[in-house]
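Just below sit the structures, each encoded as structure tokens.
You will see two complexes here that share chain A, one where it goes with chain B and one where it goes with chain C.
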Partner chain A sequence: MNKRNSSARFEIIRTAVAVAIAMLVAVVIIFSVSEEPVNALYNFIIGPFTSLRRIGNVIEMACPFIFTALAVCVMFQANQFSMIAEGSFFFGALCAAVAAIKLPEITGLSPIIALLIGTVAGGILGAIPGFFKAKWKTDEFVISLMLNYVALYFSLYLMNLLIRDASAGSKVSEKFQDSFQLINLIPGTRVHMGVILSILMIIIVYVFLYHNRWGYQLRMAGCNIKFAQYSGINTFAVILGSQIIGGCIAGLGGAVEMLGIYNRFQWTSLPNYGFDGITVAIIAKKSPKLVPIAALFLAYLRIGADIMSRSSDVPSEVISVIQSLVIVLIAANSFLSGFRHRMLVKESMKKPMVEGGNEA
Partner chain B sequence: MVGKTILEMQNISKVYSTGVVANQNVQFEIAEGEIHALAGENGAGKSTLMKVLFGIETADEGKVILDGQPIQIKSPLHAIEHGIGMVHQHFMLVPSLTVAENMMLGLEPKKHGLIDYRRAEAFTREVAEKYNLPIDPSAKVSSLPVGLKQRVEILKALSRGIRILILDEPTAVLTPQETEELFHQLLAFKEQGNTIIFISHKLGEIKQICDRITIMRAGKCMGTYDVSTVTEQEISSLMVGRDVILEINKKPVKRGEKVLEVKNVSQMHGQKKALNDISFNIHKGQILGVAGVEGNGQRELVNLLVGKTFVTDGEILINKVSLRGKNVKKIRQMKVSHIPEDRMIDGAASEASIEENIISDKNEAKYLNKGIFMNWKAIRMMVDKMIDYYRINCDSLRQPVGMLSGGNIQKVVAARELARRPEVVIANQPTRGVDVSAAEFIHGKLLELRDEGTATLLVSADLNEVLGLSDDLIVMHDGEIAAYFKDSAQVDEKELGMYMLGSEKMTKEEMGGLFDE
Partner chain C sequence: MILEIIGTTSFWYAVLRVSTPIIFASLAAIVSNKAGVVNIGIEGTMLISSLIGVLISAFTQNVLVGVLAGILAGVLAALILAYCALHLKTDITLTGIALNLFASGGTIFLLYLVTGDKGMSGSLKSLVVPTVHIPVIKDIPVLGEIISGHNLLTYLAFLCVFLTFVLLYKLPVGLRIRAVGESEGAVASVGLNVIRIRCIALILSGIFSGLGGIFMSMGYVSWFSKDMIAGRGFIALAAEAMGRGTPLGTLIASIVFGFADALSNYLQSLQVPAELVMMIPYVTTVVGLLIYSIKRNSKNKFKKEGKNESKINSYVN
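Right after this comes the complex of A and B.
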């Protein structure tokens, strides 16, 4: 068993144990607060599978998670801790909504154009902290976090200015033109074309990171930026590019969500998909391959919690306990490291020593 | 005449979290009042064993017996309580504080709740006098030369009532004169009935001052011997399992045309002139050595040559093309290779795999790409060959580089830099902290390239290396070239030390040969 495999296996075991512990804590909480814990638990765990519509709910919720998590994967792999996925997602959604209301309809091409506009919008927003970091070494974390609010209020301003439905009682936009809406894939659910797009995006991001030289350069700069500079890799391009790409993916995700699920723009605050994307990316260990699993898992928890709160006396907030526990346990490097060390000692002492292959 | 056993380590085993077995059933025993050498290649487990003894690492198995009593050493504080002190290879001092402040760190004498500096200085002076190691207690540590910094470390250990002193490769950073002085001090310390554990892989030094030697190899103890009865050849064969050629065999130099020209280069570093009017040439098939105490402009010079910083004052030409305005990538395209000073900072990405580390400079090359995709098949074939050719000891080419030993990481760096048939090699400390066989291997590769016509600049703090490997030699001091020796093989180490420390400097006329056409 080579070392890379054994450590990958250990990471999977560790994630599984973290999830199991978090679930156990959730069960304990449910039992302590609920008067009908069995019913609540049933709805929480089995609930999401009880109908096609509910399974559909899980899938359609996972879809935006996948986009934002992929955006986060790209940026985090480059060691750029930009939080812009949130703002790009929102801004991308708004721009796609404007396009879906204002642009003339072109048969077959309409949604593609709107999605592209959302992508570009997200990318432009992502470029701002990226450029400041690359040029003046400002902290992308702080800038992107602040910029998210700029994106929120600027988007709401544009909504008000350009597409607000004056006849509606609340702050919503006019309805999208029909041809701009994404096609529904499974009747009886809201599972839309965007799900296919998200799968496509996973493949694209994976291939980009692991089978393309720019993706390779991005990862190397993320591993050790001095090493990248020493090797002649253009780290300015990596810092800026990774954040533009991240912004684009998140912007596309926002556009997909808007045109797939809604028929008018109705958000008045940040929907939090960007931050959920960080959660998913961390559970997936920044690996695009694992993003769909992590996204489906989080969506399943959310839908389960939602069903539970509607059909029992347990509020859906329980889910945030699980979520934070999972993250804390996964992010804690030393969690289970003692177990791993004992495993290693046992394995290594059996192996004959390779001369010169050890380190003091 | 060995005194009574003072300390025993029995069956020590230590496995690191990377799966590396650093110590396997090691037996180690020292007697009162001796200087005991602990020798072995890098990666043999010497440092680990001493870290266990000093409480920095905890052994997975085995026990430590001091004065016949088994003891548990859980932290360095514990070790000090038991009278065991350690001077690390990399000094653990606060550079911005004074000598006295460093000495008293953690035990500051207080007066009205404030630190009593006068008492701290008096105490420092007292300890310095007692052990005859004079030092200025009010000097800032950052302003001291390396030898004195080490003295502060030693005094710090002694002031805490140490009777067993561990020295981890103490001479690695010292000039020949400073080394001599250290040895005097160590012998005096021994006269007072104390015990010293001297970690080293310099056989000459071990012969000079040690009573007994314990040799380690690949995490195991190879036995303890009386230094007076064991020969250098025997020690080295126990260390590496075969006779190391202590002298570097090389063919006579065949100088070709000029490849690298450095003309009147100066460089500011903050307010200080880091380089002052440096000029030299390197020809095809020549290795020019750069000796000097670290921090005398070598790093700045290398940074200019590889494009990390830009030439502003003066001119550097490679094959008649100026480096002005050229970045790292462009200079690399001029077939310049660079073995960096610190492999873990610049030379490698430790989380990335061996293959990813080896292609970092050539990932854009046509033969490693298929359109927009990387051609992993071609990459793996190439990397497989390099692993074979450079004898990199690893499980697979997908193994993260950080899991390899220092010597093997350095071989990965060397493979990347030297296998591309460079015209110019800038080798900065190419074998620092690697084991003897890896160092020998890298030396061999550098000489191979030289014989094929590569121009090499070799910067090294290891005098053996820089004298043995280079054809001619410059000495840098305070940003200037202090001396030039036409034939490195004829250089006297004592004389070299004078130039390195700046007590002498050659005139332009004396260095005439340096500017030969």
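Right after this comes the complex of A and C.
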């Protein structure tokens, strides 16, 4: 127990140090490129807390991150490096948008149906690389990346074909029917029902992964697929299932984002939430419990950077530096390993003394 | 209608043109994969090089300096990747993803600082690598129109395929690179430095990625625009897998993707919906990779414990 505690503590310290180093680098960059670094930094760090609206912005931005990060958690825990969260998110959003424009309104049920359609759409897309991998050992990484582009262009094609608003100057869809939009929770912000759904989803994924036979099989196959095979686990089902689940969660996320934030479909390129989901999942150590914290943190950085770029001369893309540094530092096994070693030595030196004290 | 397009010489000229970045990128994939390092950061490396090439050539007004700076940027990106993956022992896939994220945002960041524009480098007077007309060949009727008059980098790409072959199969360093990929332990046991060999492979990979990126912004078009690589670095990974890691096989796979890319460019001018046409290169990649996997899988069934299997699995493990 003691050893487990100290190693968990070490992981938290390591993540915190990684984040701190990345932030420090960002500060250095801001100071070196900006003519008004103090103003820029103030807006970046404090900006997101200065009004209810901005706090709302952080929460509503964390919502899609939570969905894509959960999708990534499930797939990465099964050791499936599928990047399909990006494509599933987009395709799910488009399908929900089509439903919200074309389907007849049913009181109370409308948004649920649209969300389900988005979920299924995302799942179907996620199943493609999963099935190829399970059946023919096709590399899911490259296939899913290619499918993201296919999903993008196919969705845009469907948008054009089915729901495009011909009277609008730009490429946008018609407006969604009102009953399909997710209910707003906090007036004065755009925080919507989807936030509650995302919390629900965290609980579901946590229970699925850690308190369920399938989830256990999934994680075991992720740790060692040969061992799982020999102990009679259906690895075909794990490989395919984990990627379908991942696709479904990301698709639902896309649908929630579309119906919660927008009133018409207006994306023309991939919004990158899938890759942000990877960042969040890695900060959260692939654990659903930690996903909301990591998602809120990334959303805070994003909103901060956004406010900074609007009120100073530093572009918001400085975030990508932070993001990539955090991924690398957390993924680096030998980062702070000397520190870990010393901590373990200290721990083991302490242990016999405590035990001796108890006996005396 | 499609046949009409394929029948023209200008189409085949375009195939060679759009294949060029994919050839460079897939050479980058070959060299690193042979050393047992799956370089997912090729995409990002290309993007960085394409911006640096444009910026430096615009400031120095010298094409050669621009190209060299772009290559240097590619090497630098590869060294960062090597430092993280080999020294800090990060997961190579995650590091590659991080590099791509960094490149995608970092290039926009830098572009904005220099030009005040977040989308394109149109305001900069950057240079392009010149095109070359080959003396005798350009006068041959059909062939001349297809082969001659290309960008210098296109010819360099084909030359590099040959050089990579020589490097990997005829030179001692190539033997070492392949040996590290086959069996790390065996190489270490004869006293060679595994990390150094992998580092060399990644640097070569960075040079090729850099050339591919430079071609995009200083040959294919004459400007930098955000995320202009558009998955070509990833398509290259697929080309490498389909070409079974051999330079010639990979060249052929790259040209197949180039064909799909060129076809999509041509169809855009016709009545076909643009969105569907844009899908063609990516769908081709998926189908190509799938056919390759099915074939490999049925072959492995005969061999039972096939050796090739472990290579793709190394993505996962």
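Simple rule for what comes next: the second predicted complex is superposed on the first by the 347 of 360 C-alpha atoms of A that agree within 3 Å, B and C clash if a C-alpha of one lies under 4 Å from a C-alpha of the other, contacts with A are read in each partner's own complex, and residues count from 1 in each chain.
Note that in this section contacts are C-beta pairs under 8 Å (C-beta built on N, C-alpha and C of every residue); 3 or more make two chains touch, one makes a residue touch a chain.
All figures in this text were calculated on a predicted structure; none of them were measured in a lab.
Kindly classify A:Lys286 by the partners it touches after superposition: chain B alone (first), chain C alone (second), both, or neither?
neither
I'd like to know which partner A:Phe81 touches here: chain B for first, chain C for second, both or neither.
second
Look at A:Pro315 in the shared chain and tell me whether it touches chain B only, chain C only, both, or neither; answer first, second, both or neither.
Second partner only.
With the two complexes superposed on chain A, say which partner A:Arg219 touches: chain B (first), chain C (second), both, or neither.
The answer is first: A:Arg219 touches chain B but not chain C.
Which holds for A:Tyr230: it touches chain B only (first), chain C only (second), both, or neither?
In the superposed model, A:Tyr230 contacts chain B only, not chain C.
Just to be sure I read the superposition right, which of the two partners does A:Arg14 touch: chain B = first, chain C = second, or both, or neither?
Touch partners of A:Arg14: none, neither chain B nor chain C.
If I apply the document's touch criterion, which positions on chain A are contacted by chain B in one structure and by chain C in the other?
none
With touch defined as at the start, can you tell me which chain C residues reach chain A in the complex?
Those residues of chain C that touch chain A are 40, 84, 87-91, 93-95, 97-99, 101-102, 104-106, 108-109, 112-113, 118, 230-231, 234-235, 237-238, 241, 273, 275-276, 278-279, 282-283, 285-286, 289-290, 293-294, 296-297, 309, 312-313, 315-316.
Help me check something: in the complex, which residues belonging to chain A touch chain C?
33, 79-81, 132, 136-139, 141-143, 145-147, 149-150, 153-154, 156-157, 160-161, 275, 278-279, 282, 315, 317-321, 323-325, 327-328, 331-335
Give the list of chain A residues in touch with chain B in this complex.
2-4, 207, 211-213, 216-217, 219-220, 223-224, 226-234, 337, 340-341, 344-345, 347-349, 353-360
State the interface residues of chain B toward chain A in the complex, per the touch definition above.
It is residues 13, 15-22, 24, 41-48, 60, 217-220, 241, 306, 308, 327-329, 332, 338, 340, 345-353, 356, 359-361, 363-364, 369, 372-374, 376, 393-396, 398-400, 403-408, 435, 437-438 of chain B that touch chain A.
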